[in-house]
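Here subunit A shows up in two complexes: once beside subunit B, once beside subunit C.
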Partner chain A sequence: MKFFRSPQATPYLLLMPAIIVILAVVLVPLLVSFWTSFTSYNLVRPDSLYNFVGLRNYKRLWGNEDFWWAFGRTVVFITIALNLEMLMGLGLALLVNRITWGQRTLRTIMMFPMMFSPILVGFQFKYLFNDSVGLVNNALFSLGLITKPIPWLVDGFLANFSIIVAEMWMSTSIFAILLMAGLLAMPKDPIEAAKVDGCNALQVFRHITLPFLMPFIWIAMTIRSLDVARAYDMVKIMTNGGPAGRTELIWTLMTRTGYQNSQMGMANAMGYVSILLSIAFTIMFYRNLSKARVFMGGAQ
Partner chain B sequence: MLRLTLFVAMMILVVPGAWVVLTAFRPNVEVMARPPVWIPQQWTLNNFLGIFGFLPDRQQGLPVPSYFINSMVISLTSTFVAILVGMMGGYAFARYRFKGKGALFLSFMLSRTVPGVALSLPLFILWSKIGLIDTKFGLILVYMAINIPFTIWLTDGFFRQIPADLSEAAQIDGCTRWQAFWKVEFPLARSGLASAGIFAFLTAWNEFALASQLTRTTASKTMPVGLMDFTAQFTVDWTGMSAMAVLIIIPALILTFIVQKHLIAGLTFGGVKG
Partner chain C sequence: MAEVHLSKVVKRYGSLEVVHGIDLEVAHNEFVVLVGPSGCGKSTTLRMIAGLEEISDGELKIGDRVVNSLPPRSRNISMVFQSYALYPHMTVRENLGFGLKIAGMKPEDIIPRVDEASAILGLEKFMDRLPANLSGGQRQRVAMGRAIVRHPDVFLFDEPLSNLDAKLRGQMRVEIKKLHQRVKTTVIYVTHDQVEAMTLADRIVIMRDGYVEQVGTPTDVFENPANTFVAGFIGSPPMNQLEGVVENGGARLTDGTLVQMPEDIASKLSDGAKVVIGFRPDAFAPKGHSLHPEDRSLEIALPVIISEPLGTETIIYTQLGGKEVQAKMLDPHPLQDGESLTFTLDLERLHVFDGETGKSMRA
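For the complex of A and B:
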């Protein structure tokens, strides 16, 4: 008891409520799902929660082709989406940075997609890419570019393409806005000096602007990696994993297994794989962020 | 050339969203029209009246008012508590040195990396056991936990921007640490806290993955979950769904505009100066 009255206890007391909430709502459920991933728990048979089966769920996942497709697709999806978003965001930030008028207005327009929740972005692109009433097909028809509707969300390849377009629309501006903040904070002297020394625009970008922006790029990546799983909402409303599982990501497969097929044990095993995947991405970006910061040295 | 590229980029960012908003105000015949009708020829509010059940001939009398109230209650309550709890945590990280500080901060951030979908499975099991399924309280708890780590991250940054000298000076002048906090540091951090609050509100307001599994009926269903009601049928009601989408976007739109400056500053500060 004495400890709690001493001044050293203050930070712990301040943190106590936060710790309790996180323990109750994140850590305990994670332990539960860890346990269930080693049982044959089925929602229809509640007593199967105590039926320990060891690594059976994980072994089955290992040999399950559908799971590996979903896993691989998720990794490819994250990689493609994040990289394209970063490149487009960088382009957009550099573009807006060169404009001298109305930067505030432009930034406000760029905030626009950030206000949309993933479920709305999903709905919006489900509507735009719809083969009969969608604006995309409608416009192509009117321009005379196509004679029969393109099945954007029905064909496997096009559906994946459409989902990546939706994802990029939603998140490119986050990169652009954070990178603009970086460009704004950048000292002008080194660029002037480099120009005096005879560097061309490309060299200035390659050796001065880009290294300075790297921490900002990695911050954006880290922030994005925290919520890549939001893509679940989008895919759920756009294609729900279809056609025939061709857009199935690890997250949609997990909920299908857990809630529709009631195989909670198996679903929680997938859940753990997806958690490790998310943490791996975050740690990777965070480490790059630390490295970039060290590289920047005293500048920060 | 520069301006043209910029113009195209801005159009790509605006048109998809604007198209949905316009659809919310157009009569159903225009949805099918080819070539596309850009500006509705006849503006109509029927889509909004329809989803609120005021038009008897449209069969979708969905309980949108209760979804809206649920969303508001859940988002506001969870935001308020998350800000309070997160602020305490952020203050502790910004102003005190203590054992396990780094590890604790890291654990908070790691708890944020767990995808909502993955968390929904065990929460569904637990909440069913203790009777929190389909209650507003159950969802409020979950959104609190989601928002606390991020609030800690943001407020930590905001409090560190305020020189510690200020509160020390107040304490020398006879304030207690508690008074010094409320009279000196809190007012200075207020705008930052407001933006953290709006950010937390939007996270809760827009959340779908957890809400879709932890809610069942009008007792707790939120707006994003309600949006899925339109797709359960064989034909999708595009205009009704767009009207619902506009109702979801309006609060987000207003709040994001208010907060945009602070939000960017908070994110970059917390990240770069780590």
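For the complex of A and C:
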């Protein structure tokens, strides 16, 4: 009791509410979920929470082909979606940046896709890519480009493609807006100096504009990688991991395991393995970000 | 060989014309300074020469080529910007060599050129630093080095010294002059600072509101300003300008003082014509403290309002013709405010301008 009255205790006492909240909201759930990954915890049998099984879940996971497919597919999905979104966002930002009239309006319009819930986007694209009534197939028919319907959401490869298209529709503009912020902050003089120094438009972009934009690109990549790695809602609506698990990503697999099959212990083990993925991506992007900032000239 | 010819060069932004048909011939290896208050179109003119602004009308020739529609990179020019415009992600060495690299030059050919430039500008110690780690003066040198490595036909300077402090500006001014002596090239230099213009230029182009007011050597524009604007712009402290009406070969000022005018000018004017007389502070001095004590157009006793002792000279503020005028006292002795002194006005160095148009009557 004496300690709590001493001056040394003041900072701890003042921080106590925050510490309690963090314990309750973050640390305790984290520890509990970590514990459950070592048990055979099943949602319908609450007493199994205390059934310690050691590394059994992790061992099973190691040999679980479906999980590793989902894991790998998630990595590929993030890589493709992020890079395409970045390229298209960059192109879009560069184009919009050249407009002098109506740029504000256009910027506002670009925000629209972000205002939709991913679930609604999923429904919309599910309809667009529907093989019999979908807009895409109907358009291709009318143009005479195809004679029989393309099974967009049924074929394994095309289904992944369709999901990536939906993802890009929703998120390219986030890249574009972040990169436009970079372009707006960019000083004009080095560009003019480069023109006088003999650069054509492409060389100006390659040697001056792009190095300046790199930190913005990496920040956008970091934020978006965590977003895309969370992809669940759109996949759930459009294909629900099908056909035959061909579009299963980590999150759809985990929810299926945890809530449909009630194997929460196993699902949590999956979660802890996939955290590694998020950590890896974040470390990679932060490394590149700090490199790019040094590259920009001393803003360390 | 690279002369620069501008003929009737016009710049319009939409319906707004900002440069109104400028004619200018810059000779090979000449150092020409465009000077004028902000918004006079001097920078726009320079940027048109650089190719960073489109030329709305007229013709621009560098050497024998009409370059109106050529992009900057095809004009063989280099430019030093006010903000230095260094490439922030490149070291000094890379900044210097960038233009050559882009031109497709081999690394082994780039190195001697970069070394030469860094030696001229004393940059050897900083070659591996980023611009962020350089001082203003060093950045300025890198910007100049980047311009000289390319051995361009024409150097363009856009207010290169205005971001430096006064002392450094003086140093860099001398360095630019030395640089021009060493690297003989045509130079077009823009500034709003008439001291820079006077000290650097072979010829000065004074601009106002998109028009050229006068072109001439520094001595020429100083001694024979074409109009009241040039008279007021060139020289520090500025020329005193007083309104008057011609009367018996003199000018009657608003306070009744009669100022004698040189005979050749007075003969051109009839009584009652409005004129502006102008005289530099050093042509107006207390008796016994002037350069040319012989020919006087005026000798008058005036009170000292305030005096600024500068050591070798003292600037005296007094009242004449209803306006505050400045006089310069050489070999000064201490003065009391309010003290009455007899001032003499040097007839030889009296300027007379037309009261309506502001044009000099000497021409």
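The rule is short, and it goes like this: the second predicted complex is superposed on the first by the 272 of 300 C-alpha atoms of A that agree within 3 Å, B and C clash if a C-alpha of one lies under 4 Å from a C-alpha of the other, contacts with A are read in each partner's own complex, and residues count from 1 in each chain.
Here, a contact is a pair of C-beta atoms (placed from the backbone, for glycine too) under 8 Å apart; a residue touches a chain by one contact, two chains touch by 3 or more.
What you see is a predicted model; the values in this text were computed from it and never measured.
Annotation: superposed three-chain arrangement on subunit A; subunit B versus subunit C shows no clash, the two fitting side by side. Once the two complexes are laid over each other on the shared chain, residue contacts for A:22 go to subunit B alone; subunit C is not touched. With both structures placed on the common chain, the touch criterion links A:200 to subunit C but leaves subunit B unconnected. Looking at the shared chain after the overlay, A:42 reaches neither subunit B nor subunit C.
In the superposed model, A:219 lies in contact with subunit B only, and not with subunit C. For the superposed model, the angle subtended at the Cα centre of subunit A by subunit B and subunit C works out to 90 degrees in steps of 10. Look at A:189: by the touch rule set out above, it reaches subunit C but stays clear of subunit B.
Figure legend note: subunit B and subunit C, brought together by superposition on chain A, show a least Cα distance of 16 Å. On subunit A, the surface touched by subunit B in one complex and the surface touched by subunit C in the other have no residue in common. If you check the complex, the residues on subunit C that touch subunit A are 50-52, 71-73, 77-79, 81, 83-89, 98-99, 102-103, 130-133, 146, 150, 156. The part of subunit A that touches subunit B in the complex is made up of residues 8, 10-12, 14-15, 17-19, 21-22, 24-30, 32-33, 36, 41, 49, 92, 95-96, 98-99, 106-120, 123-125, 127-128, 130, 132-133, 135, 138-139, 141-142, 169, 173, 177-178, 181-182, 185, 215-216, 219, 222-223, 225-226, 228-230, 232-233, 236-237, 251, 254-255, 258-259, 264, 267-268, 271-272, 274-275, 278-279, 282, 289-290, 293, 300. The touching residues of subunit A, counted against subunit C in their complex, run 187, 189-190, 192-200, 203, 207-208, 211-212, 295-299. On subunit B, the positions that touch subunit A within their shared complex are 2-3, 5-6, 9-10, 12-14, 16-17, 19-20, 23, 31-32, 34-36, 85-86, 88-89, 91-93, 96, 98, 101, 104, 107-108, 110-126, 141-142, 144-145, 148-149, 152, 202, 205-209, 212-213, 224, 227-228, 231, 236, 238, 241-242, 245, 248-249, 252-253, 256-257, 260, 264-265, 267-268, 271-274.
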